[in-house]
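First subunit A sits with subunit B, and in the next complex the same chain sits with subunit C.
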Partner chain A sequence: MVLHTKIKHFVAAFAVALLALTNVPVARADDLPEYRLAITPTVQDLEELQPGETRTGTFSIKNTGKQDFNFTVGFAPYSVEGENYDPNYTKTTQYTEISEWISVDQPKGFLASGSETMLNYTVKVPADAHGGAQSAIITVTMDNKKSGDSTAVETVRQLGYLIFGNVDGEITKNGKILSNNVPGFVSSAPLTVSSIVENTGNVYTRAQYSVQVFPLFGDEELFTNEEDPEKSLIFPETKKYNAIAWEDCPSLGIFRVKQTITIFDQTDTVEKLVIVCPFWLLFVLILLVLLIIFWIISRIRSHKK
Partner chain B sequence: MSKMVKTIATLGVVAGLGISAMPLSAYALEDSETVNLNVQVGEMIEIAAEKTNIDLGEVSNTQNVTGGTKIKVRTNVTNGYTATIRASQRALETADKVNTIPNVKPATGVSGWGYKIGSITDIMAASTADTQFANVTSVTPPTTGSTDGDEYDLGFEVSVAPNQPAGTYSGSVILTATANASSTQP
Partner chain C sequence: MTNTTRAIAALSIVAGLGVATLPLNAHAAKVIDGPAPDTGAESGATYDDNLDGKVQTTTDLKLVISDVLSIETDNAEDAVELTSTDGTDYASTPLGVTVTTKNSTGYKLSIKASGSNTTKTSLMSGTDEIKAGTGTFDIAQAVAGQGAALSNATNSEWGYRIDSLDAGNYIGITETDVTIANQGTPTTNSGVKTNVTFGAKIKDGQAAGTYTGQVTFTATNNAK
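For the complex of A and B:
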């Protein structure tokens, strides 16, 4: 009972200390960069949108640098290319029309050093909007001061607030698991499993990846994310590469590794034996075995003579 | 003892010592009383720069000019961030837009301009397409104190041909950082 009270007191003291710490500036003013812009939060999943619907939201922008600056808010299409999801902020597609549907209450403004303002945005989905995913970024740009008289290049720094959703209508939910790779041999940690999934439908989804690692004999899990599987956003008509690493993998061992991937109603599971062994040790062991074989053969031959 | 046996014994010792020196799996279970503590930390992303304009000075047909600044990106979003660079227009231009330095890779005696940053390690011709210079796919929680985020050196180079009209040329690049959508977001 006394122990319980002590623990409660400790937790209360820790929480108070934590709250106090959050109000302590992390960096001294001297350490601050000249110009720094922050936004929080960073992304908004609008989930399901109905044609004709109006949705509102808000996010904060902060000047966390030394100098004051003006800012400008803009909107850009957001799409991705390649399996590594290279972003494209200029290409317009049927999935980026939402960049035309967004407005904000402060298209321009001023931020003094250390100050913060809230940006309220509105998404007006047209009544005739087609079904499927939509994605865009709201850009917040630090305006620059005028340059001098020599040849100069201006750097425009901006942050993107990612906003996406699925418009209801004619939608298709299809996906493929193109690869599910568990390596058979790993020379050093981490033990990494990888995969590529494809969203062949017209709505975004989250693919789910779960990994379990067991010893060669036995069912005790050495590593797993099964209770909180990794989820990755997959935009329509894209392929995405994903990798999950077991960072604390020992330097030597034989394990049973199982990766399960799910996208829409497709599920694929691969289970494999994985040998973890450094190359130098493998070389020494092979050499040792060869020498022993050679020694045994030579002994047998000498006995026959 | 023959040489063969000695060699086998030596290799055996090397392998044995090597294996014993390795951090093999060790999994300890312990029983203890747990107290749950929940605290929510909001997701944020920041971009910072030392300078807004990079004055490159005077360029001649025999001497290219270079210059640059540092860009920092910091986030606490678990899945990291993506950062891109693109030129806002193809060419460096005079104020009246009559004369231009095109977006070709700079070389002595040839008019051109370009940049490098992050994973773009060699000066490339300025491109109006978004080019990824950083793709940090996960953010490691800091072990002590604060972290400054990731710092990138942004470098520019401009070269001109002997017949490049005199004047002041300027242009701009757009650096965009977005947080990668994570599984914990709604």
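For the complex of A and C:
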């Protein structure tokens, strides 16, 4: 091949490569929302707190939107409602007093687009604090600009940094396993086991859920989380629903399913045979059995004749 | 062959073909450390023979994905205007509230009435008010039938709705948070958008004015 032709090919290839590299997708300003607030991390478990103790911590708040904004930091009680743990940020109880013990070094501030700042918080546990769980949220709110005369509903956006702990003192650790459900029949994957536990003590704990699935015959585990059981935070004087799903459950089969739940010193185990069969196949099989019975009866009758 | 026998044969074929097409493989591949035995090797197992004379070293790897929670709304302004073509039924364009989280147990998004109105749950113009509707919402229950249509039989009413509610049904805003979105797993980087539409039904004789109110959207991660 003539040299200048080779050079032309090389230049063309280099140009294509350069074009490909410069077209690497990046986050363009057009892709960003007008206003976006982010915090990291988002939850802090203070574990055991002593009366009179002072604890500090920090988290980052970021402006990941296009517009600058001011922010305000506040504190609110955190409790939960119902078995699905819907949050309540207004109800005050003996377990939410920590919302009054928290302070931050920067209660207000300004965040330019793309910037972040660290918020340092301090939790001062009163010397006469009673024993038991405490939970609250540190709220970070994007401040709105002044509204015009045509506005109807102003929208405020805020994030909650969840903070909780157990204050040492007169504490009780009691729990109940209200239900431990393994279904007897499943028509399609996943195979889901569920439960409801209740914390009747005054400190938070983590309930533990262990599931094992075996074939009808044999001890080879088809699914298990026994080495790393699922754990779920349970606040005092609450009930919580939990479900664990075996997503890779086959469409047909009979399995031995075992769920073990532990909360404080209470443990409950349920082991059951579970039939997995699509409804349409079940219908066909039942129809087949009925036809076979009908055939047998008709054969017997014709023999008698 | 009688008709019954033909039916049994046909159903047996259907059942057999159906079972054959079902994904039945549930056996996890079992790996046994060590050489495979000469006899009695376990069916379906893979033997990892380490006796190959090679020198090995191990290196720990670490990858950190930060626990991040973010919230955004798709309105450029900080407020939502309700408009009407007939002076009775008012509605806003849907407001998208997007939450993004890397938390393994997901997040909850809630809404409540806030602001400085003497009655926080009402839209107010001086002392004139549009009261909150009567519809309620419980995210743990089936969505069908939740909320309620706004009424102007006695008072003007306003409320908000999310896409999953029955058409025409609204939820009355409350001073306590109501969970309107709940996910038990991390979201994708683009997050999960919940569309919230505000509406009002105005009674005959409602005083003219600019009625305003405030709602607060709060997102928190679920604690593990």
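Criterion: the second predicted complex is superposed on the first by the 277 of 305 C-alpha atoms of A that agree within 3 Å, B and C clash if a C-alpha of one lies under 4 Å from a C-alpha of the other, contacts with A are read in each partner's own complex, and residues count from 1 in each chain.
Keep in mind that, in the parts below, a residue touches a chain if its C-beta (ideal position, glycine included) is under 8 Å from a C-beta of that chain, and two chains touch if they have at least 3 such contacts.
All of these numbers come straight from a predicted model, not from anything done at the bench.
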{"item": "When subunit B and subunit C are modelled together on subunit A, clash or fit", "value": "clash"}
{"item": "Touched partner set for A:236, first subunit B, second subunit C, both or neither", "value": "neither"}
{"item": "Partner chain in contact with A:77 - subunit B first, subunit C second, else both or neither", "value": "neither"}
{"item": "Partner chain(s) touched by A:201 [first = subunit B, second = subunit C, both, neither]", "value": "neither"}
{"item": "Touched partner set for A:41, first subunit B, second subunit C, both or neither", "value": "both"}
{"item": "Which of subunit B and subunit C A:222 touches, first, second, both or neither", "value": "both"}
{"item": "Touched partner set for A:165, first subunit B, second subunit C, both or neither", "value": "neither"}
{"item": "Touching both subunit C and subunit B, counted on subunit A across the two superposed complexes", "value": "33-43, 45, 64-65, 78, 84-90, 137, 139, 144-145, 147, 149-162, 164, 206, 215, 220, 222, 231-233, 250-253, 278, 280-281, 284-285, 287-288, 291-292, 294-295, 298"}
{"item": "Residue ranges of subunit B in contact with subunit A within the complex", "value": "4-5, 7-8, 11-12, 14-15, 18-19, 22-25, 27, 33, 35, 37, 39, 42-59, 65, 67, 69, 71-72, 75, 77, 82, 84, 86, 88, 92, 113, 115, 128-130, 132, 135, 145-146, 154, 156, 158, 168-179, 181-183, 185-186"}
{"item": "Contact set on subunit C toward subunit A in their complex", "value": "2, 4-5, 7-8, 11-12, 14-15, 18-19, 22-28, 30, 66-82, 92, 95, 97-98, 100-101, 103, 108, 110, 112, 114-115, 123, 138-140, 175-177, 179, 182, 198, 210-224"}
{"item": "Complex contacts: residues of subunit A adjacent to subunit B", "value": "3, 7-8, 11, 14-15, 18, 26-27, 33-45, 47, 64-65, 78, 84-90, 137, 139, 142, 144-145, 147-162, 164, 206, 215, 220, 222, 230-233, 250-253, 278, 280-281, 284-285, 287-288, 291-292, 294-295, 298"}
{"item": "Residues on subunit A engaged by subunit C in the complex (per definition of touch)", "value": "33-43, 45, 62, 64-65, 78, 82-91, 137, 139, 141, 144-145, 147, 149-162, 164, 206, 215, 220-223, 231-233, 248-253, 278, 280-281, 284-285, 287-288, 291-292, 294-295, 298"}
